[in-house]
Amino acid sequence: AWEELFPSIGRIQYEGPDSDTPLAFHYYNAEEVVHGKPMREWLRFSMAYWHTIRADGSDPFGAATKRWPWEQHPAGDDVELAFRRMRAFFELLDKLGVDFWCFHDRDIAPELPTLADTNAALDQVVALAKELQAASGKRVLWGTAQLFKHPRYMHGAATSPNATVFAHAAAQVKKAMEATKELGGENFVFWGGREGYQTLLNTDLALEQHNLARFLRMAADYKRKLGLPGPLLLEPKPQEPAKHQYDFDVSTTAAFLLRHGLDKDFKLNIECNHATLAGHSCYHELETAAMLGLLGSIDANSGDPQTGWDTDQFPTDIRETTLMMLTVLRQGGLAPGGLNFDAKLRRESTAIEDLVLAHISGMDAMARGLRNAARLLEDGVLERMRAQRYSSWRDTQLGRDITAGKVGLEDLERVALAQPEPFDSLPSGQQELYEIQLSRYVR
Amino acid sequence: AWEELFPSIGRIQYEGPDSDTPLAFHYYNAEEVVHGKPMREWLRFSMAYWHTIRADGSDPFGAATKRWPWEQHPAGDDVELAFRRMRAFFELLDKLGVDFWCFHDRDIAPELPTLADTNAALDQVVALAKELQAASGKRVLWGTAQLFKHPRYMHGAATSPNATVFAHAAAQVKKAMEATKELGGENFVFWGGREGYQTLLNTDLALEQHNLARFLRMAADYKRKLGLPGPLLLEPKPQEPAKHQYDFDVSTTAAFLLRHGLDKDFKLNIECNHATLAGHSCYHELETAAMLGLLGSIDANSGDPQTGWDTDQFPTDIRETTLMMLTVLRQGGLAPGGLNFDAKLRRESTAIEDLVLAHISGMDAMARGLRNAARLLEDGVLERMRAQRYSSWRDTQLGRDITAGKVGLEDLERVALAQPEPFDSLPSGQQELYEIQLSRYVR
Amino acid sequence: AWEELFPSIGRIQYEGPDSDTPLAFHYYNAEEVVHGKPMREWLRFSMAYWHTIRADGSDPFGAATKRWPWEQHPAGDDVELAFRRMRAFFELLDKLGVDFWCFHDRDIAPELPTLADTNAALDQVVALAKELQAASGKRVLWGTAQLFKHPRYMHGAATSPNATVFAHAAAQVKKAMEATKELGGENFVFWGGREGYQTLLNTDLALEQHNLARFLRMAADYKRKLGLPGPLLLEPKPQEPAKHQYDFDVSTTAAFLLRHGLDKDFKLNIECNHATLAGHSCYHELETAAMLGLLGSIDANSGDPQTGWDTDQFPTDIRETTLMMLTVLRQGGLAPGGLNFDAKLRRESTAIEDLVLAHISGMDAMARGLRNAARLLEDGVLERMRAQRYSSWRDTQLGRDITAGKVGLEDLERVALAQPEPFDSLPSGQQELYEIQLSRYVR
Amino acid sequence: AWEELFPSIGRIQYEGPDSDTPLAFHYYNAEEVVHGKPMREWLRFSMAYWHTIRADGSDPFGAATKRWPWEQHPAGDDVELAFRRMRAFFELLDKLGVDFWCFHDRDIAPELPTLADTNAALDQVVALAKELQAASGKRVLWGTAQLFKHPRYMHGAATSPNATVFAHAAAQVKKAMEATKELGGENFVFWGGREGYQTLLNTDLALEQHNLARFLRMAADYKRKLGLPGPLLLEPKPQEPAKHQYDFDVSTTAAFLLRHGLDKDFKLNIECNHATLAGHSCYHELETAAMLGLLGSIDANSGDPQTGWDTDQFPTDIRETTLMMLTVLRQGGLAPGGLNFDAKLRRESTAIEDLVLAHISGMDAMARGLRNAARLLEDGVLERMRAQRYSSWRDTQLGRDITAGKVGLEDLERVALAQPEPFDSLPSGQQELYEIQLSRYVR
């Protein structure tokens, strides 16, 4: 039987914004109804197995710093250690009141010398996770296959110059989809950390991208056969570890899906830190994906504005989380997607309390954002201002004719020659007023 | 009759790499055959009217610095001044041996109080340019409409929240297409400097992008009616002056074209400085566009690696120009596109010789690139190494089955379970050797 | 007599955070005592003449968009127009309740064909400003000489390769210091927009930097002679318009001051947007300057995280303003410096109300920051955590010996050989908890 | 006795630029006299032990990829493995004809459970290295202490909030200096990867920087006592692994040295990739350091222009290496410093030939730069143009008076009032001509 690993930490409670207790929620109140639904249903929080359980604090210049209690076990049996980790993870899910979790196949179970053995080990760990889910009511938000860590994938997985590597990756995705299905997972994610190039000099762009499309098409076919319910999701990132990743950002990924006829089978999982590394705000990427009908799920994290790599920090900027939740509320929610904390402790944060505090900081920040966005939408200030700004497209014959496709350049030239200078009646863009209105709601 | 404005400058001649004369070509020898065609046919150099004639050296912190001789004329008649500028431009085209030129409508002729007057002035200047073309054999590479400078376009042209602004822009495009046709122009370009947003808060992304698509569809219809021969070209740029421009980069623009069914009518004009501002190498953008069948023309310039805005410098990095010409040679040339020097003098370069030297520096750099790329392709070193790298897709049954779409995840799982660890026979990526090979040809 | 230019706008009042009126202060309540002083004394708000009165909305790709009422006057007399602008400015200062203002010599009075005439025009405008100050109680926070706009400064002012340009710049600084003195200005600023290089190839770094030091030494001598009371301030910026500006950031400027023995005469004016362009947070630059004893004044603005140039937006990020005010409160205030809004309207904001709203947005944001920082300091949470973190330097013999300079490497080797592994007792860095604590105060 | 590990690779020979053999030098001809000295004396190449021997191809998203022959040994004895690595390293030094090497203490010998044991292991490995040096004539360019990898240094070494960590770091530096001395090392380097902060919120900037100064002062004292001949060198880097490193760039480090009176004891080791990460060109950092008298040694590598982290690639850009060698030639050489290849193979380059090719690519690139820079200096084109540009400081009375400190603002105002507008006679900056001249020499 499992012994509680963190007896000093109890179940985290909502205490309201004025509480001085750090180990409490100040904004996230799971059952409170905001904008017509309980907060937990809007937010659909998910914990990332890889960061929470497996991140050891090492970085390119430094060794591991974490000495988590679940790692302290007699050496030898890797599946036993995997069990221990899984139990620790469920203890954290429970204490934090997080409803969902996400995993890579290789996070939860070891890679063994043969694929058959590895698959068998995965089956054992999945069986335990299924039990723990049944006991706790926790659910998988999404699963994914880790196609970037093993050196066989150094030149790419679906985009490897080597066909046997492609086959290995395909086998791994099949098994990871089955594991996700077994655990009732609602989505399945592809992040192509090695699907890109280190130098264009040695790269056949066209072949690699066609192969990636072939790979994804096979996955979509198998998804249907397997009966996995939710959408498949691609996760854009501009680079790192690749010098250039093919799924650079939302628009690049949309181009790829459209070109290869994959836009019916795939949506996107947007990560905020990836957005900023690609030169966009997170809000830009979310709004763009929503406009394209591709917003499936969110990796809620944030980067450091001064660093050029993926820091995977918990989201704490309330203005940003307010904007994120604006997009989510406007599209009526994320389900079957959710908000996965693809975020980790700083290397120097070595106490188990830090792990709990970090999740609290992210959950509270997203909850503040939800409360702010809900008030903003309900008051309707921004929406009204914006509707007014575009009124000529709705309220004038010219606007309606253009959007209805009834006119061409020649018609419009006649209009333009007859009209006075449009600048003379052009309203201000009022950016400062929009920012004041937003700022008033960011609390 | 026109009096020569720069009598001190003669026609620039090819003198070879060892000449010490700065006012000579050291690498560009127009009629010399390289890789089966004269250099002038591969390179199709074009001079940009706006930078060469109209850039006055002002910047956001400083006043004009140029005192060009063509601007010294009795005040009053703007069309007269436009004539004077056009004659100076043709003198420069002639002395530099540049075959093509590019223009915005508002570069070559003044914007007057009414659109009708403005159009009439444009007609007069176009008539002169046509005469000068006939006398000199120079040709228009592309024309475009300036939809970013006038304050009426401050919120966008095709993406304005205001329908009358859209109409004005449409009228301007119609007229600019007619001017391009009249001058025998081979392509027509759209650069949407204001087609984007300053803040998402006041922006209706979906409406604006649909309107942009409507606008481009009208232009494509009118192009066919007018009988303009070459393709329409979109020119991606990530931002500046907009905070975000919708045509961010090649992939973003491809997504837009595919989504709106415009990919048959439009290709791209790739600018190197825009590529680097978007977080890509110029070579990446060129190769991506070529792969997508969208590489129409090139704005040959370069940016400063340490600055975050568009410096529009002449290309002088020979490694970069070698890679650019590799893409061009591989796709068999750019025609009807070409290499337009969307590049300007530094603000502090105030002598007329600087204008000539700057173009020499760019033409020689592209010519060195052409010579290097031709030798590289003819020797075939990189192509052979790359073909070898991907041989498993061609030479193994597994590779052929995958690319033929004959197998799915289940088949590949069987293959993977049966095969030994692929890493054990995975060749090196050999990036350093590829770089040595390239470096040997960069001379 | 002056006629009110903006009769529709009254004096802006404090209405509290729940007011729905945009043209009101929601957080800035000038006389309210916060942390022992009225808010106006902590904040010492200043309006920038150049942005508020002179910015016309033009950008590198676009013409002017503003049609301010003060510019609508019969053509001809530039000094008359300068008077009109100055009166408009004081009306704005008054209506917004801003106590200070800042100016460049060439903002407030025209540059005429000779220096003597230009100086005379400046005298006239300064005389009017002095009258308006006397009537309103407004004060100059700092003056400065505009040594970047005129083409004579294109290669630099104090760092020009040309000695007569240096002399001209020196004359201009002398006169601008006199104007500042005449207006009771409390500080004098140097921003070296052209003191840097466009290319190192044509630059003599050592000579240019020595000349800059000579120039500043002359200014310091003349300041003493003139009896200008406050400090001279350098304003760091990494680049733009220069490719590289010598006063790159706080540390670079500190190195320059120390090397040339100027650190007694000069402090710094830190601009937030310049900080982020240099790859630092604004808080980093403020804390670094404060640590070095060089924090003189602040240009309170902010940049866009996705753009690579100076956008000079009003500060609206409350987390950032909270941190800024933390530094200010910790050093006991900024006087004789202050918070100057070196910030401008977006190009598309063309209504006079926008100008007022923009200043309200900045003033309220800084006031929210002040309120947050005061509560944070008074509760002492961060300060206590930090003191605890460094306690070994205060509470152990080893820490005291090291900081007292009593030990060397040999002594410390003996200590290290004798002690157990320090990692085993090393506390967590607790970054997430620090961020939670800050976040709780950001309201 | 040692058995050759790479029998397939012979000693790399100079074959000239037209050779097709990749495993040969095409430009580096060690004994050839260029600009008055043999190439080997100008270039003073050094191989980095950490990258060459210890880099295993792992990255933040991936496991090790290298299977170097020297790592294949019976498990158990770490010092035995260290011996094996050292012998392999000397074989590479020999085959590549590299004269110098650099190391961290923990690269060459293992970290054992106690400092005493670790020191003893280091002594053993140093003894072997000394033997190998004696046999081969190879020399240490510099040694350094690895104060960033072990978790005890996670909060900093000299800037740790914990005094016992400071003591441990001091002991490690003492021992590493002794090892460097024992091996006849010519310099000793400090790179402070953890001397900075992850968040300012938990950081006492002033205390940390004073402690860093104390630490360096102790090292300088011990250096004198020990009789280490060459200078101590600080190596600037802006960030990574720290969010902000105190030795951000050349100027920041210079400010630190000046402020703490350390500028007599320390010079700088400039790394090109660190320069570009700090927002500077490598040439800028080298020229700035040279101007300040602080250029001690160079880490010759380069970064990827599109990535925001330290890629540590071998230098291959000939324009860049030409500029680097210009600085080196102008200051008469780098000795006792040199050109250390702080550069590593790409993760995907897994063959031992890649390691040799990579060094050849860097050595040839630096040699091409040397040849180019020598011709450029000997022809004197750039130097003459630049001398002319600044002639007014030498050739006019005004220029001489200013640089001699004979005049003040009042004198210069008199000059300025009397002189005509300086812009009217201001020469062009001629950047394009300078670039043409440089380009002609980049071959």
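Which chain is which? They are A, B, C and D, in the order written, and residues in each are numbered from 1.
We adopt the following convention: contacts are C-beta pairs under 8 Å (C-beta built on N, C-alpha and C of every residue); 3 or more make two chains touch, one makes a residue touch a chain.
Not measured: the values here are computed from a predicted model.
Where touching is counted per the definition, the chains common to chain C and chain D are A, B. Counting only chains that touch, the fewest steps needed to get from chain B to chain D is 1. Inter-chain spacing, taken between the CA centroids of chain A and chain B, is 36 Å. Between the Cα centres of chain B and chain C there is a gap of 40 Å.
Shared contact sites, meaning residues of chain C that touch two or more other chains, fall at 150-151, 154-155, 198-199, 244, 279-281, 306, 346, 348, 350, 426, 429-431, 435. By the touch criterion given at the top, residues 113, 115-116, 150-152, 154-155, 161-168, 170-175, 198-207, 209-211, 214, 217-219, 221-222, 238, 244, 248-249, 251-252, 254-256, 258-259, 278-281, 283-284, 287-288, 291-292, 382, 385-386, 389-390, 392-393, 396, 398-399, 402-403, 405, 407-410, 412-413, 415-417, 419, 421-423, 426, 429-431, 434-435, 438 of chain D touch chain C in their complex.
Chain contact summary for the complex, chain C toward chain B: residues 57, 59-65, 148-151, 153-155, 193-194, 198-199, 239-241, 243-244, 277, 304, 306-310, 346-348, 350. Taken in their complex, chain C has these residues touching chain A: 17, 22, 26, 276, 279-281, 305-306, 314, 316-319, 345-346, 348-351, 353-354, 357-358, 360-361, 364-365, 426-433, 435-437, 439-440, 442-443.
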